[in-house]
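One structure below.
Note that the chains are named A, B, C and D in the order they appear, and that numbering of residues resets to 1 at the start of each chain.
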C-alpha cells in the first residue's frame, strides 16, 4: 500500500488533520456518527460457513486504521444471505474484537417492521452502538412516504440504540422520498442517513432541510465522498475503505481541512476502484481485491459467483491504472 | 357474486369445458402444473400474528372452486414478512385442509442458495407438491444467467419435489434471461415457470424454445391470462383468483375450449380489478377486496399499510364499473 | 422464401381466409384501418441521399402482398433523419406507385403541435390516406394526459385525414396514459392507435374502454401480433412485414379465421427474427435482412451504423434457426 | 431581487472574486468555455411566433450580469419546437445584441449527423462562438460508443467553431458512455461537455480521464453546481441563471475563491428553485418564474402547457421558502 507521502500530503497538513479528526470524533454527542466506516465483508469457509476467525483478523487490522467505526452486516456483509442468528453473531464478534472507541453500526433491516424491531433489539444486545436500517423493498410499489415513515418510526420508537436510515436504490430499487427523510429526521432516535444513491443534489437538499435537527448524512460510497463532504455530509460508509482504508480516511481529512485541491486528486484515483468493487462487479470483486491488499476476502455465498478471469483482470486494471497496484507482468 | 350464466356462457359449452378440464387435470405426469391457482393471502390477527383459523376457512372455500391448486407463501402471501417457521407452518396447514387432489405449490425462495435449498426441503416435508422459487434479487446487478442457472440447479438438484421458476420483475427488479430459462428447462426437476412480467412476446418465446422439454409456463397475473393461453401458457397464478376464482377458472375454460370470443369479453372485465389488487394498490387491496367477496382478508403486516379511503373507493370502482360489485349508493 | 404450404396451412383454410380478408377490408368505413402494414424503410444512396428509385421498386413488390397498406415515414423509415421536404416527397412517391386500394398511412409527428399540424396537412396533400402521429417526447417529463390530449386534439381538429395515435416507448421513453387514449378515442377524426409497447394487458384494456367509439388498435410489432389479435386488436404495423410480408399476413389470416393452433406455430417462428430487426439491432438490421430477402435495404443515415460482422451473423442466425433462411455454410 | 450583501458575502471577498473571474475569463485559449451560462428561453407571442423583441430585451439584461455567455437554443430554448430557420435567426439576434466579449454557445444538435453538420455551419455563420451538440436519441438503443463517436467526429471535423458535447439523459434517455467522451476529448475541435445528468461521480471521472486534453466540463444544472466545481468542473449551464443570474455567478465566485462554506449556504438555497424550473415543472415554470423576476417569459409552444394554478403556487413556494421571493399574502 502507498504511504501518505506518496499522495503528496505534507506532514504539516497531516498534523492539522489529526487535530481536526480528534476534535471531530471526541466531542461527539450520543448518536454523532461522523467519520469513515468500511462496510465490512463476511468471510466464509469453503463450505460457505461464516468464518469467524478470518472475520476477527480483518477487524483487528481495521482497528488500526483511523475509521470512526465499522458497518457490520450491511449490503457488503451479504446480510440477506445470513440467518438471524448469523447476523447477530457476526456483530457480537466484531464488537468483542474492535477497540471500544470505535463504533459498531449494525445492519438490522428486514422486510417486515416487526422483524426489523426484533433484529434491532438483538443487535443492540450484541453490542451495536447504532443500527443501519435499509428500506424494505420487496413491495416497493407501496413503499411511499406514509409506509416508510410508519416503518422507521416503529423501529426507532423501540430501538435501544440510535437508528440510521439506509437508502441504497441499486439494491432496493427505491428511494426514500426527501419529505419522508425530513419528517423522520425529527425523531429523537433517528440520527442520520446513509445515502448510497449518488445524487449529490439530493444529498445537499437533505442536509439543507434537516439542519435544524440532530441529523447527519453519510455518503454511501467512496465515488462521491468528496462531493458529499462539499455539500455537507459528515462522513462515509465506503466499500472501498475495506481495501484502501487509509486513503479513504485521508480523503476525509483533506475535505475536513479544506484542502480541496489535494482532495480532488485523491478522489479521482478512487473512483474506478470504487466502481469496480461496487456497481460494476459487486461484493465478489470487493472480496477479491481484499485478498490483494492483505485481508481475508474469499468467496461469497451463492448465488453470488466468483469473478470470471476476464472480470478479475479488469478489476485489477481498475486498481493498477490508478496507481494502487503494480501493473501486472 | 355473479353466476356463470350471467357471463353468457351456455350450459353446453360448460359441459365441454368440464370434460376438457377433467382430461387436462387427470392425466397429469409428475410435475404437470397446468391450471389456475390463487396465490393465497395470509390472514393476520390484529396483533399481526398469523391467523391460522381464518387461513383454513379461506382454504376450505377455495377447495370448492375448480382450481388446480393453491400457491402458498408467494408474493401475495407476504412471504418476505414471515419467519421460516411461519412460512412452513402456513404450508402445512393449507395441505391439511385442502382436498388431496389439489396441488400445494409453496413459495420457497430465499436470497441465498443455501437457505432456498433448506426451505425447499422443509416445504416438501410440510406437504408441498411443488415449490415456486422466486429469483434472488438483492444483488440484482450480479444476477446474470450464470448466477441464476447455478442457483436454480443447486435448488433443483436437492429438491424432493418439482421446482417452478418464478419471475416477478415488479417485485424483484430483474428478469431471468430467456437463455437461462431455456437451460434450466432441461433440468429434470424443473417443470415450469410462473411469469409475472406481462411481456407476452417473452412468454411466447419461452414456450417456443422449451417445447422439447417437460416444461410449462403459467401466466403470473389475470390481466394477461387469455393472451398467455393464446401463445401457449397452460395456466395461471392469479391474485384475482382469490376474489373472482370462479371467473378466472371460467376464463381458463373458455381459452381451453377455444371460445376466444367469450374469453375476450370476460378477460376485458378482469383487467381493472386485477390491476387494482396487484400493481396499483397491492396486497392491501387484495385483502380489502377479499372481505367484500366473503373471504377473510384483514390487514397486512407493516410496513404495508391499509388503503386510504380514497384508494378503497377507487378499488371498489374498479370492481363495480366492471360489473363485479354493485355501484355504491 | 417459403410458400404457405410449407407452413402447414391447408388450401381450404386459405380459401376461408381469403374470403374473410376480402370482407374485412372491403366494407371499411372511412378511417377503418384494420389489416397488416409494413412500416417501410427509406433506401439511401451511398451519399445518404434518399433513393427514390429503390423506394419505388420496394413499394411495387409490397403492392403484391396482401397488406392493407404501408406505413410511410414511421420509425423504421428513419423519419427523424429526413427533412420536412424529404418526408413529404417519400410519401408522394409511395402514393404514386402503390395500388389505389392500398392505404398510405404517413408518419407526420413532430415535436411541436404546430409543426405536426403543418406536416399532417402536407402529408394529406401528398396523398396520405391516414396519418400516424408519434408522441412528442423531448420534454417527456411534461407529456402528461393534459398535454397529450391538447396536442392530439389540435392535430386532429385540423387534419384533412384521419389520425392514428402512435405509442412507441422504446423510442420515446413515454406511454400515452390509457385515460388519454380513451378521451382521444372520442374525437371523430382520431380512428385508432398503433401500440408498440408490447404490454398486451394495456392493449386489451384500451380495446375494452374504447369499444363504444370508432376506434381500432393495431399491434406495433410482429412479436405480439397474435396475442394482440386475441385480445381485440385488428391489425398490425410490423417491421418484420418488410421482410416476411406474406407470413405476417398469413398470421393475420390465421387469427381472423380462428385457427389459433396454426397461428401459434407461425407466431413462434416470427419472434426472434422480429426482435432482431427491432429492439435488438434496429433499422440497420431491418435493412440488412431486406437485402437477403430480395428488397433494397442498404445503409442508414448516420448516426445509425451498419451492423458489425458479429451482429450480422447473429441476425442471420435469428432467421435461419427459425427456418426463414438456410443455415450458412 | 436580493443584493449580494444579503447573501452575506463581504465586499473584500467580492473584490478577490472579481479578480479571479477576470483572470479566469481573460486569458482564455480558443475554445475555453469556463464560466456560467444561462440557457436562455425563447419568448413567443400569443400566436406562438418567436418574439424577437422580447428576446432582445432579455439578452440586454443578461448582458449586464457577469455570465461568460449565453447558451442559445438549448433544451430550455425549446429548440425541438423551432424550425431550422427560427433556430438560426434566434442565434443571430442574440449575437447582435450581446456584448462582444460574451460567448454565444448555440445548440445545433439534430437527430441525423448530416443535419447536425449543416445546422452547425449555419450557427457559426449566424455568429455562434461555440456549438452545443445534444446526443441524437430517437434510436437510443443503437446510440452506443461507436455511433456517438462517429457522429461527433463528423460534426467536429466540419465545424467552423469549437464543439461542446451535451449529455442530458432526462430529455434523451441516454448517457454518452464515459469511454466515448474520453475518445472524443482528443479531437482538437471538441472542447468540452455539458453534463446535465447530475451524477457527480461521472463528472469527476470524466474530468480525471480527460485532463491531459484541452477539455472542460460544465455542470448542466445549478442543483449540483458547487459539487461539480468541487470535483473539477469549470462552469455551468444553469436554467436557474435565467432567473437568479447574479446568484449563480456568485456561487461560481465562491467556488473559485475557495469559500466553500459560503458557497454551500448559497447552493442549498438554489436547489429547490432549480428543481422546480427543471425536472419538476420544466420550461413552463422557468418562463413563469422569469416573469416574476423581471424578464419576458410567457408561454411555451404546444404541446408544453402553462402551469396549473396549483403548480404555479408550488413553484412560487420553492422560491419563497428559500428567500428569493416574499411569501405570498
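One rule holds for everything that comes next: a residue touches a chain if its C-beta (ideal position, glycine included) is under 8 Å from a C-beta of that chain, and two chains touch if they have at least 3 such contacts.
Note that the structure is a prediction, hence the values are computed from the model and not measured.
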Type of chain C:chain D copy interface by residue overlap (half), same or different: same
Chain at maximum distance from chain C, centres defined as averaged CA atoms: A
Centroid distance [mean C-alpha coordinates] between chain D and chain A, Å: 35
Chain centre separation (chain A, chain C; CA means) in Å: 51
Centre distance in Å when chain C and chain D are each reduced to the mean of their C-alpha atoms: 38
For chain D, residues contacting two or more additional chains: none
Touching residues (chain side chain C, partner chain D) in the complex: 48, 75, 80-83, 111-115, 136, 138-143, 146-148, 150-151, 154, 170-173, 279, 281-284, 301-305
Sites on chain A touched by chain D in the complex: 198-201, 204-205, 207-208, 221, 223-224, 226-227, 230-232, 258, 260, 264, 267-269, 271-272, 275
